[in-house]
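Here chain A shows up in two complexes: once beside chain B, once beside chain C.
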Partner chain A sequence: MNTLIVNGRHVKAREGAMLLEVIRQAGVSLPTLCDHAALEPWGGCRLCLVDVTRNEWDGWAKMVVSCMFPAEDGLIVRTDSPRVVETRKVVLDLLLARCPDTPLVQKLARDHGIEQTSYQPNPEPTDCVLCGLCTRVCDHIGVSAIATVNRGAGREVAPPFHEAPPDCIGCLACAEICPTSCIPFTTSDSKRTIWGKAFEMVRCTQCGRAFITKEQAAFYDGRNGVPASYFDTCDECKRRAQAQQFSRLSAGAGR
Partner chain B sequence: MRIDSKAQFDSAVRNAKKAAAGRKLDILVCCGTGCLANGSAKVAEAFAKEVEARGLAASVGLFTKKTGCHGFCERGPLVVLKPSGVLYTKVKPEHVPEILDKTVAKGEIITKLLYKNPATKKPVEQYTEIPFYKNQTRVAMRNIGQVDPTDLEDSLAHGAYAGLARALFHKTPEEVIAEVEVSGLRGRGGAGFLTARKWRAARKASGERKFVLCNGDEGDPGAFKDRSIMEGDPHAVLEGLIIGAYAVGAHEGFIYVRDEYPLAVVHLALAMEQARQRGLLGKNILGTGFDFDVKISRGGGAFVCGESSALMRSIEGKTGEPRQKYTHATDRGLFECPTVLNNVETWADVGAVLEHGGPWFAAMGTEKSKGTKAFSLVGKVKNTGLIELPMGTTLRHIIYDIGGGILDDRPFKAVQTGGPSGGCLPESHLDSPVDYEKLTEAGSMMGSGGMIVMDDRTCMVDVARYFLSFLVEESCGKCTPCREGLKQLLVIYDGLVAGRGKPGDVERIERLAAGMQLGSLCELGKSAPNPVLSTLRYFREEYQAHIEQRACPAGICRDLTAYEIIPEDCNGCHACFRACPADAITGESKKVHTIHQGKCISCGACYTACPTDAIRFFPKVALAAAASGGQGGAS
Partner chain C sequence: MNSISCADGQPMEAILERHPREEASLIQVLQDVHRAYSYLPCDVLVQVAKALDVPVAKVFSVATFYKAFSLDPQGKTIIKVCTGTACHIRGSGQVIEEITRQLGIGPGETTSDMGFTLKTVNCVGACAMAPVLIVGEQVHGGVKPAKVAKALNQEGHRDAH
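Right after this comes the complex of A and B.
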C-alpha cells in the first residue's frame, strides 16, 4: 500500500487512488467543482491544485491537480503552501466574477476570505461554473445529448444548435449532478421538460406513478439485457414486490 | 519502379542527377502561396507556353519548374534563372517574352526586374548576393525554392532520402537515435525538447503499436514556416518521419495539417503517393523489411489544436481540447499508444542530420541550441519574409542585416518573438544571441520562430492587449484560470488603453498572470501572460503613463492622444487635409492648416502623411485642461 504525507500527516492510499481521495482521507478539506465519484476526473476547475514533492527532489515541488494525480508512494503533498493558497484564491476570485450571484460560489469564495471579486463582475451573471459535469454524465450514460460549445470566454453548455436536443432522453442526470443546480427542468405526473424538450412519462402499472420518460424506457430497452417489461413497474413497486416475495419466502421457511 | 536495395537506391539517385544535369537552363518560378496570391501561376504558365512554342527545351535545353516559397514573398512573384542565379522580382506574364529574348537568348539583364538593395539603392543580379539570402544557412529549408515539390525525381537529384538510406542501410534504430542525440536537435515547434530524448523514451516504451506524428497545425497568426516546408519540400517531412518511425519502432504516422493549408495537403499527398510507388514509404521500405505508412489528418482550425494532447484528441476524432496528463505521450499518446510528436521543421531537419551526421549539425549554433532555425520576420522591417539562420545569431543581425533595418528608418522599439504567447524584447536585447535559453531568460520564448519587429510608433500596452485579444478567442475555455483570467486581463487592458486605468491595475495584472501561469491546465494558459509580463518588465513606464498621466507615450491609444499642427513648421502642402478621414483639418493651399479637435478621431493619418513633421501628438487630457482654463498644449 502506498504511503503519502499530506500537510505533514501520514496517510495510506488505496491502490489506484488519486491524490484528492487521499487528501480527503487525511481530513483536509479542499474545494472542488469538477470532480465526481461516478465520472473520470477532468481537471478543469483547477480548485484542487496542490504542491507535490519528494524527499529526493531537493525542495523542488510541482503543482498538480489532485483529482488527476495518482497517489504514488512517498509523495509529500501540501494543500496549504503559499502559492497553492494564492492560486486557489485567484481561481475563486475569477469564478466569483463569473458567477457573482451564485450561492455555492459565494460560499466557496467566502471560505477563502473573498467577499467581493477583485475583477469585473459578469455583466450577464450565470450560475454555470463550466465544471463540465453535466456533459460528462450525459456522455457517461451513452447519450451525449449536450456538449460545450464555443471556445474561450464564450464557452457554454448547450444542446446542438441551441435547439431541443434530439438525443436527450430526459433522464435529468445532468440537472441532478450540476453543483449549482442551474439546469432548469420541470417534472410532473404527465410531463417532463428539460433543455427545451418535452417528454411523456411512463406510468407504473402497479401504483400509477409517473417514474420515467418514454425515451428513457426506449433507450434502456434491450440494453445490458434489460427487458421491456422491466419498466412496467417503478423502482418502489419493484422493491415492495421483492420485499413481499422475500417475506413470503422467509415466512415459508420458518413454517 | 520500386527501389528495393542500396544499389537500386544509388542508381536511382544517379539517374535523377543525370536527368537534372540534362537541363542546361532552368527557369524556376516560385509557386508558393505568397507568390501564387500575386499571380505566379500565370507567370509559370506563360513561361511554359513560350518555351514550348519556341522549342527551347530541344534547342538550348531550357526547362521551367514551379518551386515552393523562397521566403521573400513580399517581392513575388519570383523567378530565378539557373545556373546564372539571376533573380527577377515582381514578374508579370508580360515580362516573360522579354526575359526569354534578352536574358535567356543574349545574357542581358533586365534591370527593372532586379531587386534593389534599399541600403545602397543598387540593383542586385544574383540572389545569392542579396543580403536577405546571403546571410541565411538553410537546413530544414534546404531544398525549398530549388526543387519542384511535385516531382520526386527532382527531390532525389537534390539529395532527398539520402539520410533515410543512410539510416536504413547503415544504422540500427539505436544508432539513428544516437546520431540525432549528437546533433543536439531540439524541437522546433515550441518548448525545444531534445528530440533524441523523446525518441528514446518512445522506443523504450512498451507496446506493439506506436506512432510518429508531425505537427503542421501552425496556428500562430502570421507564421508560415511550416506551410512553406510542407508545400515546398514535402519529401523532407516524409523522410524525417520515416527515419523517426524506424528509430522508435513505429509503423503508423499522421501528419496533422492546418485546415487552411490546402496546397500543403495536395503536395504532401502527392509526395506520399510518389514515395509509395518508389518503395520509400509503405511496406518493406527500400527492401529492408521495415514497414511504415502515414496519413494526413486535417486540423480542426483552432490554435489550441497544435497543443500536443489536443492534437492527439483531434486525430482520434474527438474535440481538439487539451487534456491534463501526468504521463508522457511517449508512453501513452495517440490512442493511448507510445507516440512521438514533432514539429514540421524538426522533421525536416532529421533527414539532413542523418545525411551529414550529428557533428555537422552540432557545429552550428550555441552550446545548448544546435543547428539552424527558421524564423518568420514580419512587422516594421524593410525585408519581411521567411529565413533560416544558425542558432545564436543576434537579433540585430536578423533585423538590420537580413531585415534591412526598420521601415522608413524609424527608431527600433521592440521585437516580439515566439508567437502570441511569446514576449517583447527591447533595444537592450538586440545584441543577445537568439537561442532557447536566452529568449526564455529574457521573458520571451523561441516558440515556432515568429518575429514581429516594432518601431517607435508602437504602444506596448496596446501590443499586450492585442495578443490578449487573440488568446481570449483561442483559449479552449476548459479551465478556469485561462478562460476567466484572459477575459479579465482583457477588461483591464481595455480600460488602460481607453484612459480608465486605475492605480493598482498593474498589481492586479501581475496577480492574475501568476495565477494563470501556475493554475492553467495547458501551456496555452500557462504562457498566455508572457506578452503581458514582458511588456511590464521592459516598458513599465508606459503602463504608468497610461494610468497616472492618462497618456500614451507612443501616441497610439486613440482615447488618450490628440494631434495638433505646429504653425511654424507647416508649409501648407495640404497632405494632411487629404489624409484625414474625418474632415477634421482645414486650411488653404500654401497656408497654415488647423486640426479641429471636436472632429478629430485621433487616427494619426495626418501625422503619417505630413512631409515636414509639422504635426505633433500630445496627451488628450491636456485638451480638457486647456478648455477649463488650465495649461495645455492644445491650440
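Right after this comes the complex of A and C.
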C-alpha cells in the first residue's frame, strides 16, 4: 500500500487512488467543481490543485491537479502552500468574472477571501462553470446528445447545431448533475422538455405516475438485459411489490 | 446560424472511401469535407457522424472548436489577412480597409456572389514578410494597400480558367 504525507500527516492510499481521494481521506477539504464519484476524473476546473514533492527532490515541488494525479508512494502533498492558495484564488477570481451572479461560485470565491472579481465581469453572465459534468454523464450513459461547442470565451455546452438533440432521451441526468442547476427543464405527468426537445412520459401501470420518458424506455429496452416489461411499473411500485413478496416469504418461514 | 440546404453528397462519399471508418479519422475527414465544400454543411456532418460511428454532438464539438472550420457557406476564394503583432504594426489594418473598399465585405463576411470570404488570422509564421495577405493558396508578403487589387485579380483570373 502506498503511503503519502498530506499537509504533514501520513495517509495510506488505496491502490489506484488519485491524490484528491487521499487528501479527503486525510480530512483535508479541497474545493472542486468537475469531480464526481461516478465519473472519470477530468481535470477541468483546476480548483483541486496542490503542491507535490518528494524527499529526493531537494525542495523542488510541482503543482498538479489532484483529481488526476496518481497517489504514488512517498509523495509529499501540500494543499495550502502560498503559491497553491494564490493560484486557486486566481482560478476562483476568473470563475467569478465568468459567473458573477452564480451563488455557488460567489460562495466558493468568498470562502477563499474574494468578494468581488478583480477582472472585468462577464457582460453576459452565465451560470455554467464549464465543469463538463453534464456532457460526461451523458457520455457515461452512452447517449452523448450534448457536448461543448466553440472555444475560448465562447465555449458553451450545447446540442448539435443548437437544435433539439436527436439523440437525447430526456433522462435529466445532465440537469441533475449540474452543480449550478443551470440546465432548464420542465417535467410533468404527461410531458417533459429539456434542450428544446419534448418527450412523452411513460406511466406506471400500477399507480399511474409518470416516471420515465418513452425514449428512455426504448433506450434501455434490451440493453444490459433489461426487458421491456421492466418499465411497466415505477420503482416505487416495484419496491412495494418486492416488500410484499418478502413479507409473504418470511411469514411462511416463521411458521 | 445559417440554415444550410442539402449538399451534393458525391464528394463526401469519395472522402469517406479514403479514410478508415473510425473516430480517429474525424479531423482528417472534416478537413477533406471542408476542402471539398469550402465549409462544413450540417447534413454532411450528420453523415460523417454516422459513417464514423461518432455521436453528432462530438462531431459538432470538433467542428466548432477549430478556427480552420466554418459551418457557414464561404466564398470560393478565402482571403486571409494576418493581424498578428508584426503584421499589425506593418499595416495589416490598411490592407483590410482596402479589401473592404474593393469587395464591400468586412472580416468574417462573404461577397454576395460567393466569390470571396475575408478572414483575419493571427501570425501565420512569416513575420519577416509582414504584412502577409493570403488569397486562396497564394501568399503575398510586404503587402501595401496599392497591391491589394492585383492580388485579388490574380485569383479572379485563375478562377476564370
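Going forward, the second predicted complex is superposed on the first by the 255 of 255 C-alpha atoms of A that agree within 3 Å, B and C clash if a C-alpha of one lies under 4 Å from a C-alpha of the other, contacts with A are read in each partner's own complex, and residues count from 1 in each chain.
The criterion applied here is as follows: contacts are C-beta pairs under 8 Å (C-beta built on N, C-alpha and C of every residue); 3 or more make two chains touch, one makes a residue touch a chain.
Bear in mind that the values here come from a model prediction, so they are computed numbers and not experimental data.
Engineer: So if we stack both complexes on chain A, do chain B and chain C clash, or do they fit?
Structural biologist: clash
Engineer: Does chain C touch more residues of chain A than chain B does, or is it the other way round?
Structural biologist: So, of the two partners, B touches more residues of chain A.
Engineer: Quick one: classify A:Ala61 as touching chain B (first), chain C (second), both or neither.
Structural biologist: neither
Engineer: Using the touch definition from the top, say if A:Phe69 reaches chain B (first), chain C (second), both or neither.
Structural biologist: A:Phe69: touches chain B, not chain C.
Engineer: Does chain B (first) or chain C (second) touch A:Leu130, or do both, or does neither?
Structural biologist: In the superposed model, A:Leu130 contacts chain B only, not chain C.
Engineer: Give one of first, second, both or neither to describe whether A:Thr148 is in contact with chain B, with chain C, with both, or with none.
Structural biologist: A:Thr148 sits against chain B and chain C alike.
Engineer: After superposition on the shared chain, which partner residues are touched by A:Leu39: those of chain B (first), chain C (second), both, or neither?
Structural biologist: neither
Engineer: Considering only the touch criterion stated at the top, classify A:Pro160 as touching first (chain B), second (chain C), both, or neither.
Structural biologist: Only chain C; A:Pro160 stays clear of chain B.
Engineer: To test your reading of the overlay: chain B has the stretches 220-228, 346-354 or 400-408, and exactly one clashes with chain C. Name it.
Structural biologist: With the two structures superposed, the offending stretch of chain B is 220-228.
Engineer: Identify the residues of chain A that lie in both the chain B contact region and the chain C contact region.
Structural biologist: In chain A, residues 147-148, 150-151 are touched by chain B and also by chain C.
Engineer: Considering the complex alone, what residue numbers of chain B touch chain A?
Structural biologist: Residues 302, 304, 319, 323-324, 326, 472-481, 483-488, 491, 508, 511-512, 514-516, 518-521.
Engineer: Per the contact definition, I'd like the list of chain A residues that touch chain C in the complex.
Structural biologist: Interface residues on chain A, with respect to chain C: 135, 143-151, 158-162, 165-167.
Engineer: Mind listing the chain C positions that touch chain A in their complex?
Structural biologist: Residue list for chain C touching chain A: 1, 42, 45, 55-61, 64-65, 67.
Engineer: Flag every residue of chain A that touches chain B in the complex, lowest number first.
Structural biologist: Those residues of chain A that touch chain B are 42-47, 49, 63-65, 68-70, 83, 86-87, 90-91, 94-95, 97-98, 118-120, 129-130, 132, 147-148, 150-155.
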